[in-house]
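In what comes next, chain A is part of two complexes: it sits with chain B in the first one and with chain C in the second one.
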Partner chain A sequence: MNQAVEQSFPEFVELRIPSRAEWVALARLAAATIANRLRFSIEEIEDVKLAVAEACTAVIQYDGHGEFIELSCEAQGDSLRIRVRDGGRQAALSGVKERIGFEEARVAGLGVFLIRTLMDEVSYDVHPKNGTELLMVKRLAGRPD
Partner chain B sequence: MDIKVNVREAPGDCYIVELSGEIDVYTSPKVKDAIGTLIDRGVYHLVINLEKVRYIDSTGLGVLIGGLKRVREHGGSVNLVCTNPQIKKIFDITGLVKIFGIFESEDAAMKSLV
Partner chain C sequence: MNDFRPDREQTRALFARFALARTRHEGDPERADPDYERLRDELVVVHLNLVRFLAVRFANRGEPLDDLIQVGTVGLLKAIDRFDLDRGVEFTTYATPTIVGEIKRYFRDKGWAVKVPRRLQELNLAVNRTSDKLAIELGRSPTVGELAKRLDAGEDEILEAQELGQAYNLLSLDSELSGEADKKSQTLAETVGIADAGLELLEDRANIERAFEVLSGRERVIIYLRFYEAVSQTEIAKRLNVSQMHVSRLQAKALEKLRSVLVE
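Moving on to the complex of A and B:
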């Protein structure tokens, strides 16, 4: 079963995982599965997997993260919209570079760089009491059917 | 999801670290331990074979960067073997192709160690 999503209706998947390293693989698998429902190439699906994993990793490596990471993926038309919410008391996804050690910050910075490079649109929404939500959008590249 | 680490001695005071699987925030500590153990034993010339690695993220890259930094302090070097286009792409876009030697085979990677 590998039909592309019909253009007229969205598909929506939500996932809530413990904010621990062993669960990141499940988050990227979920994102890859819904990306596969669109007409993304294998390379684009790998981009999505990596961006989701980097977002989850940024949360996990942040001291103030919450107990869970919430992931939502919405496929509609030619785009995949992915939200990652950290649920922490403070802004794990936006503050990671300032709050960890130098070596880790270099790696965390690499993760943020990868997210921004691999996805078409990236934005943060910071809630002082409810953590941070990262929105990432990947659009189908223009190519013939 | 797992990572398998196979360490082998090669000619010329060089060791080959062959990795199979996925390197992410969960599995990268195992890779870091393997590389760190070799460096602690005085092995400063490494070939890290990524041919069987299906996935790597920034934590995996961080482990490789950390290993390279440590061996360079002792005049050593780390060369990579990488044939997976997706993995190569990550090294390309992060600019890490400029600091690692990346080769198509273990033989080529070993010959190029300084």
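Moving on to the complex of A and C:
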């Protein structure tokens, strides 16, 4: 079974959910599933779920958020790359200067500190038209096997 | 909600004063220094919201929130004592990993790795048990909202527990049966026999369960009572408040439906 999993990489999951709290669980689940495929430990999977939830919450709680959140999870070698993007009408309308979402929203700010603690690599990208994108990477720690 | 973060300038000023007091204190640790203690306390109070913010996020992992806040505060104290203004990072940036680290260590000391799946499985089991119970009470399948209310959990938690309960069950073939880290214990897979005739039965059952979807609610009840619970047609008729003839007709129709699906 494990062999089959390893042979099937790379894997890619993309999800678009409404920018609302009740959809965050789905994002968490999608990320958890792919993290599990990479054979992350239970604790690491919980961390990934928490990071994804924080990222989504950051978007939702930010006043100028868009209509939907786009999540993409990619298993690549021994690392999991997750992108969370704030998208939709409003997000597209705001200029770059106003689109400081992830970085500046106060509550989101704390979420971002937490995300940095949980993931190995975190970066932002502000698109003038497409809203803010948060990229986070978690690598598989050294496994005994 | 927006007051999670203390004012940046104020925090810096507080830390500057604390750094002076700390140097004094370190020069003569024996002497009581009210300034040092007071500033340290003040810094803790100012950042308790950060601890709370972080602790809440780990509260779904099976330990009481108060305990998490307590160990998180230990982390905060460590961060306050080690923080150096000259490094040019914001205190929150510096403290978050320390606090989270402390919380995680607490879970690890408590045997957390075993606990998470267990908690999910428990919730998963609770969902199954409670949905049966609620179904009897309500006379229909309960909604997720009703389950969440009864189990005092969030709706998303219920959904997740249901999904993840299954995921972990599937995974657990590779998992070790004993939780002791230093001993190589038997895995679940090793305990499973081979070519068990029961497996085919299981497959049949899975097929039948799928086939059941073509049945109407009443037909399903009849088949269930008749063939799983071995209740007589007369008894079923009484329970459904219809004639025995009617039950017989419905049963025949349901069986015909099932047959046609299973033959496919």
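One rule holds in what follows: the second predicted complex is superposed on the first by the 118 of 145 C-alpha atoms of A that agree within 3 Å, B and C clash if a C-alpha of one lies under 4 Å from a C-alpha of the other, contacts with A are read in each partner's own complex, and residues count from 1 in each chain.
Note that a contact is a pair of C-beta atoms (placed from the backbone, for glycine too) under 8 Å apart; a residue touches a chain by one contact, two chains touch by 3 or more.
Keep in mind the model is a prediction, meaning the values are calculated, not measured.
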Overlay on chain A: chain C relative to chain B, clash or fit: clash
Partner chain(s) touched by A:S41 [first = chain B, second = chain C, both, neither]: second
Chain B versus chain C as contact partner of A:A32, first or second or both or neither: second
Touching partner for A:E22 - first (chain B), second (chain C), both, neither: both
Chain B versus chain C as contact partner of A:E70, first or second or both or neither: neither
Partner chain(s) touched by A:I60 [first = chain B, second = chain C, both, neither]: first
First, second, both or neither for A:L114, with chain B first and chain C second: both
Touched partner set for A:L50, first chain B, second chain C, both or neither: both
Single chain C stretch clashing with chain B - from 97-105, 133-141, 187-195 or 223-231: 97-105
Those residues of chain A which chain B touches in one complex and chain C touches in the other: 22, 24-25, 43, 46, 50, 54, 106-107, 110, 113-114, 117-118
Residue ranges of chain A in contact with chain C within the complex: 1-2, 22, 24-25, 28-29, 32-33, 36, 41-43, 46, 50, 54, 106-107, 109-110, 113-114, 116-118
Contacting residues of chain B [partner chain A, same complex]: 1, 22, 24-26, 55, 57-59, 61-62, 65-66, 85-86, 89-90, 93-94
Chain A residues touching chain B - in the complex, by the definition given at the top: 21-22, 24-25, 43, 46, 49-50, 53-54, 56-57, 60-61, 103-104, 106-108, 110-111, 113-114, 117-118
For the chain C and chain A complex, residues of the former touching the latter: 1-2, 4-5, 50, 53-54, 57-58, 61, 92-93, 96-97, 100-101, 104, 107, 112-113, 116-117, 155-157, 159-160, 163-164, 167, 171, 173-174
